[in-house]
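In the two assemblies presented below, subunit A is common to both, partnered first by subunit B and then by subunit C.
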Partner chain A sequence: MSQGNPILGTSPLRKEGRAKVLGATQYIDDLTLPGLWHGTTIRSTIARGRIKSITFDPQINWSEYAIVRAADIPGENSIVHLTRDHPCLAATEINHVAEPILLLAHPEKSALLAARSAIHIDYDELPGVFTIEASEAAVEALHHDPNATSNIIWSGSNSGGTPNCFKQYQMHTGEADETEDALAAAFESADFIITGEYTTGAQEQLYIEPNGVIAECDIDPATGHIRGVTVRGSMQCPYYLVHALALVFNLPEENCRVLQVETGGAFGGKEDFPSVIGSHAALLAMKCGHPVKIIYDRSEDMAATTKRHPSRTRIRTAVSRDGKLLAGTIDIALDGGAYATLSPVVLSRATLHAPGPYKWPHLRVRAKAMATNIPPHGAFRGFGAPQSLFALERHIDKIAHTLGLTPEEIRRRNFLSTGDRTATGQLLTEPVDMQHLLTRALADSGYHARRDRFAAENPTSRIKRGIGIAAFMHGAGFTGSGERRLNSLVHLDILPNGLPQILVSSTEFGQGTNTILCQVAAEALALPYDDILIHQPDTTLVPDSGPTVASRTAMIVGKLVERAAHQILTTLRTHASLPTPHTRAQFIAAAQSYLTRHNHLRASTRYQPATKIHWDDDLYRGDAYPAYAWAVYVAEVAVDLSTYTATVTRFDALQEVGRVLHPILARGQIEGGIAQGIGYALYEKCVYQNGHLMNNQMTNYIMPTSADLPTIHVYFEETPSPHGPGGAKGIGELPMDGPAPAILNAIEDATGIAFTAIPLLPEDIFERLTAYTTHPHGGTEDLNPATDLDTETESPRVSA
Partner chain B sequence: MRSDPTQFALTAPASLQAVLAQLAQNPGTHIPIAGGTELMVALAAGRLPRHSFLSISHLPELRFIRITPDAIHLGANTTFTDIRRNPTIAADLPLLTLAASWTGSIANQNRATLGGNLCNASPAADTPPALLVYDATVTLISSGAAPGEIVQRTLPYRDFYLAYKSTVLRPDELLHTITIPRAYSVHRHFLRKVGTRNAQAISKTALAALALVSESPATTSDSPSTTPCARHIQTIRLAAASLADRPIRLYATEAALQNASLAPAHLDATLRRARAAFATEAHPIDDIRSTARYRTAVAANLLEDFLRSLTT
Partner chain C sequence: MTTIHLTVNNQPHTLTVPPMKRLLDLLREDLSLTGTKEACGEGECGACAILLDTGSGPELVNSCLIPALQADNATLTTIEGLAPDAALHPIQQSFLQAGGAQCGICTPGMILATHHLLTQHPNPTEAQIREGLSGNLCRCTGYMRIFESIRQAATETAR
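Up next, the complex of A and B:
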């Protein structure tokens, strides 16, 4: 350590922080290229049907415009995913509202507005399938009558898809038949059988910067052949877009260049969607011979791009009198939207997180992702885990109430600990201490004293207060053998000035990738943090270090950077007489001396699975994740009986995430995730009507503001993990998982009412609190999205 | 941006007279625009019909806060920030200061005007319930027959709205002044907004109330629950947002509460009468933000919260 000061565990300034604070950062809409045209997307206005005709109003001079339809696509009309069901542009079949049909480009952005309203598309409309239940009913009808296909909206696939169902998983705690027998026996003899059904809604990522790209197409002027395409944009996964462009343009991947520009937030919403908008812009660039920029506005981004999968989870548990989980069945259904996209992967994470941090002697999890005529649901921080953990953590409280145990005690009696096996059979060899996490979380948050105080005060107060907990974990990195398949590669170069530069495709989108990777390199190389450079991702220069998703960057990519740094040191110590320990000057001198002799110095490291990680994709058994982050969250709520509003009044979040690399960034990740979780639980509702998202602007899609958020207390327990650099594990998604169940558990503590669905809005609380008998009213189901008593502008008359 | 700004005409006449002259010349062809915070949202969403806009935001004649011994006069261009920063308004008309603090963001408050808030005529707007219980009057101006002549008419603000998003303003008229009496120093003031969240929210409902509580004998004693010398409501004004197609005064509820007793023995009866009267005049709708059932129930709860607060 030349400076003698550790860098990991400190909080240096973010690499790109200065430019962002000074407003100097150039986002995609700040950039331009010579001769740039602007593109726009003509989308379906129906949820399901066939295109009958497309008419272009002759009052527009269409020769000024580039127009792309499905037939113009040089390669395959498909966005690359596990299944090739997702068209780049709809040719005849329409499967969701806002499905792209035509692309237009023009040198003047304003000319696109007039053109948009001069294109008329006629459809043969079919009735849409908008819910998991409607999609299941169609499958049921098909079982009875093979000709009953009228509501089969998705036919199946060669990767495990069946009519209306993109994917199914079945997971058992042991050999399937034996487990089924044990389940049957346990449910036969258990003291208590407790069942519950839990549902969660769609959620919009609401990154600050909407999706946007600029594309260029290089056409050989002599032959007219496409030599290559280049796309710059706001995104998480540049190599995903390379794969997409290669398919759409039928080009070798090396001729598809993708550059990530500074990205204003993503949260999963820019994982796979840039493949769509990037392909669209590149097609327009091909057609018009100019660079083309497409930037969505907020309304288009919300109406047309991915959201979190809505879910329905049914849990049945056999429990002993003393509160031990004996057996369980968990049935998860996700609403995948119109195309498979990432649903099989989201479903996998939902399945693997469904058992929670508990010991299950016998458990079966069945999961399926159903097709609906809603725009495809996709990646969003948590990626399936928030849905199944919401269900489980509400259900654990239900068990506690049924048995007369406290929420604390029921969890203590069932927690996994070191040496136990998870539901997939994974042996927990690294230390896991949920008992301690729970003890500390309750102590640090003053849980017991507050719970007692609320119980005393509530009877005489119009404000009912309550406190709830959630215990959970989140797997870091790709599931099972996923990391082995990704086979990530990292380069670390020494530049002519003797200082290092990291080359990865891992992207910065506000979460701190640049900063932590540079910290890791600085610590390993014993150089100052400011000496480390990281290259902006450009697929012609950076290797594929995997997608920036799945809480994998710190642990997996960070470890590769650390290993590359150690390689550099070994090289310099062996071949350039770098002493141990060394100073910064000695490092630079050794590096430059090496470069004089060898011209370049690069360390490349590739992912090496820990040999003990085994995963069986067919049986869904084995080591589901290399490591888990563990957490206990405590939410306090106030429910106002005058307004039926539930407000989170305090939040305490304790997590064990391995070594914390950058305390300020880590704290920010946790606070931000909790804020998103509060929105998920109490505010954010996607209101659909016939498949149209009706509240596709921030006026009516209600994201909590700082005035709606409590003080969030963040605590870390640091148990170094062997998997990540300096002992780090993943952290990004974890805080999304716990808030919703903790909040609804707190609302039950406050009101005595067991709500089972989120988002839980005041209208829903009102209907339950005031319902003396069963009534036909549905709370927010009664919202009339066609009407807005405030914002209509029929004949605005604004005077002074 | 779903509108093409080049398709909209925007002119900024040099004087108030020039604005009024243009409005009078071709009534209905021009729309005055002040802060523009409503119109810009509609423009960006592509919902704004094409019109010629006359900017009035630069006219100093319309931006004033004039304090007289009896009243506060607010020019139509008074911004929400102007209102929030004025200590006399905060002291005399606390509900107006409170309502102004709720509207939009700080950036909105710096641009948005009180006149725009009233003329936009949203039933959910933040300031109308406060102005209704304060019994404001509005002064409207237009061009007179003689060159440069300005004629004016003044009417109670409670008569300003005709229907959903519709006001008594003629196409050639501008709102000039909002006048509020300084007469509420001994009153109890109440305003609560229930929005979709705690900031930057549109009301699901809001209730404003102003009451004079008396311990002295009631002036009339025809109501059976009125007990002379007991604590009772001497006068009360109530107004609400999002309970009808326009901001409304709750006249029936006010009438039911006139001289109503607040004595512990009578409070339940008073509350029952208030709720019964309230039910006759609350006519909210289901829309994208809330349901009619919720709006009615919550506004009635707020009324009860206010009445209970008067007992102490």
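Up next, the complex of A and C:
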């Protein structure tokens, strides 16, 4: 289609990059409005209980303040995500620490501090439920005694769940009964049965810009009626906030305007949470009649907003002597926190990624998201997949060790390839070549030579080195029927100067939305990249092109932009004599001549499901994702036995993401994701005590610095996909999935110790290593990689 | 309240402020220089980094930790002062070209840290780059494109 120089596959300057390097970009805290007031949130200090009383110290002149409580909410006291169980403000029941109870605003920010400490809330405190296990125990108790409800913290009655459980899925490789029979038979006759349990911790998104918004409320002075609300802020999904405001204010959606302001990092942490802070600021604006700004400071942001779901995954596999996976059962449990929020969809992605890139003749995956009295967990890059892939890729190494195969060989014997069916029954019609990816990743990273060298050097060194791999995939776009339900729309306008402007609700938060979509339009229209404009999302101007999540923007929204561009060309060729091929000047002339006759030119395109995508939500079978990105990552670690620290010393990442649209941005996405993955594995620990996050500061929640990270080598294998523009697939979340298992596999290679939990901190290594020395079969001087003393195994059973 | 004199991006200012007001707030609120960002408020992230010269040469400091009083008679450079005439400074140019800025919120601090690093080490080694940036957190890039930006800037300034 393109007649000019190719634009896709090159690296033009980031659209908004110039303003960013100049420091001229205005983020939400850099903006102000006339008459602005400042807002703050009064939060619970207990994890579970009831509010007894709220007293306002008379020392403070409260008439200067706007105060909002649950009773002031004009619509429903609920933040709509998938269900309506999440209160906008707690009325009486408290279900987690830092739950919002009151909102305060004042013209002077400094006046808020004293007021905060002059509000006293008394509670009837109840014992909290803080772990998956405690939540399960409560369900268990209920089964034995229907009156044992004291630790049932979420009823589930009107939200599609069951007591303490937000959602459950069950997925089988075939018809359920037949699969269960086949599983039983396979476990009966297999050469080896290998089991393992793997856990992952909560992880903070730690976007460098905390959550913040400015809200306005338009009130009819004559009647006092609320005509509309407007919220500007740092966010991923403007239309999610529109839906939330419509419910909280009981307003039609068209009266709820949301503008995304330049956003300083998000990673999922600004997917659902802006619905909370945005509703809060709008309520204060309603109360005081002024615009209200709420900016969280770091400690509030960390204490009160969502994190990655902690998980526990149990895997049981039947394996043949020659290393073939015969059957498996995988049981996933996520800690969803106090309210359902996005847990059901995070759980869905965890379920669908649990089988990994492998062929399973018979598999059952059961997954559940449990309620606890922890602030709700939510979206974070990867969205459930990092948890299940960590478990699976650790387990695959365990199988290799048990069978005496190499990690490479066990994977080769089980990889999916073109023409195979995934565990959900999806036929892989597009080329999938994990064998080649593995071969290339090992070659490009010099894997074999390094592995041999470490094996030779380790016995005489205090620093044990090791190398590990992870093979995985990530589904791009919404799960199953999700894209059909989103029904995304984009507009492409021709402005009076004859040049195009893209209108989408897809947001830029560093990942490159603006740049990629402009490249796609430029290529399709054969115009220079610099000629394409993209409008900052404002829901009164841009259509709902779906949320900016799930690695869907380049592939799904990009394809819609490409189709819209083609429509514009067809229109101009048919009605304005645009020649083929055309020059920039000819395009502008044709567009302007069309505009003089018709006043406006807009192409609108809506998502069209490829007819061959079938998904059954009830059976959890079918085409789970339109496309997958595939990858093999190689991590090298050094474990210092005197300091008990594990450091990643080199990282190699090979992935097949379809066509790479912008090599520099793509590398940046992969490297940034890997850095977060390294943090997930080795640095970032959320320490909770009675439901309080104890380390809600950057001083004690440690993310990797420039001094901590290894050189990250990024390689792409480009196999154009029919789903995205110019052959692209999704890329954003993939790099979050592989680092943690590759790193722990490398640590096992280095030390012979099979750690099964992340984050893995020096104190954990210390504990295990010192325990190991007292173990009859172990010793620090003689760590034997073949001896696995660290995970529970049903004794491997070799058939006679 | 106390009256202080300071020079910011070559502009002299006289301001009357609470003596313990954070330099960060003075810049953002009193001088409307919002390129300096706040992300932690406790000296951990470098989003608020600026160059402060109190007589012994420019130092890279976290303005969220510095009381206004301490900037009396000092000379400051913020991100806005790096390219006063709208042409990009070579460091800004290299961050733009090499993908050193993603969401951009850490970028002002990163660019000033780079400026300081290149003043001390015009041709920094990888270790010097890592050390020079270790007070500046970036959650987006994994630092690799930032290292590349610095290498490009060093080559550019060496010419």
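The rule we apply is simple: the second predicted complex is superposed on the first by the 764 of 800 C-alpha atoms of A that agree within 3 Å, B and C clash if a C-alpha of one lies under 4 Å from a C-alpha of the other, contacts with A are read in each partner's own complex, and residues count from 1 in each chain.
The working rule: contacts are C-beta pairs under 8 Å (C-beta built on N, C-alpha and C of every residue); 3 or more make two chains touch, one makes a residue touch a chain.
In this text the structure is predicted, and so the values were computed from the model without any measurement.
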Examine A:D297 and indicate which partner it touches, taking first as subunit B and second as subunit C; both and neither are also allowed.
-> both
Have a look at where A:Y683 lands relative to subunit B and subunit C in the superposition and call it first, second, both or neither.
-> first
Touching partner for A:A71 - first (subunit B), second (subunit C), both, neither | neither
Now for A:T705: first (subunit B), second (subunit C), both, or neither, which partner does it touch?
-> both
Which of the two partners, first being subunit B and second being subunit C, lies in contact with A:Y644: first, second, both, or neither?
-> first
Does subunit B (first) or subunit C (second) touch A:M694, or do both, or does neither?
-> first
Where does A:A449 make contact in the superposed view: on subunit B (first), on subunit C (second), on both, or on neither?
-> neither
Once the two structures are superposed, pull the subunit A residues common to the subunit B and subunit C interfaces.
-> 297, 697, 699, 703, 705-707
Within their complex, subunit A touches subunit C through residues 11, 13-14, 16-27, 29-30, 205-210, 262-267, 297-298, 509-512, 664-665, 667-668, 671-676, 697-699, 703, 705-707, 709, 711-712
Interfacial residue positions of subunit B with respect to subunit A in the complex | 1-6, 31-34, 36, 38-39, 41-42, 44-49, 56, 59, 62, 75-77, 113, 115-116, 119-125, 164-167, 169, 173-176, 194, 196-204, 242, 245, 285-291, 293-294, 297-298, 301-302, 304-305
Subunit C residues touching subunit A in their complex are 28, 34-42, 44-45, 47, 78-80, 82-83, 88, 92-93, 95-108, 111, 129-131, 133-147
For subunit A, which residues count as touching subunit B in their complex?
-> 110, 113-114, 297, 299, 462, 641-645, 683, 687, 694-695, 697, 699-700, 702-708, 762-763, 766-767, 770, 777, 779-780, 782-800
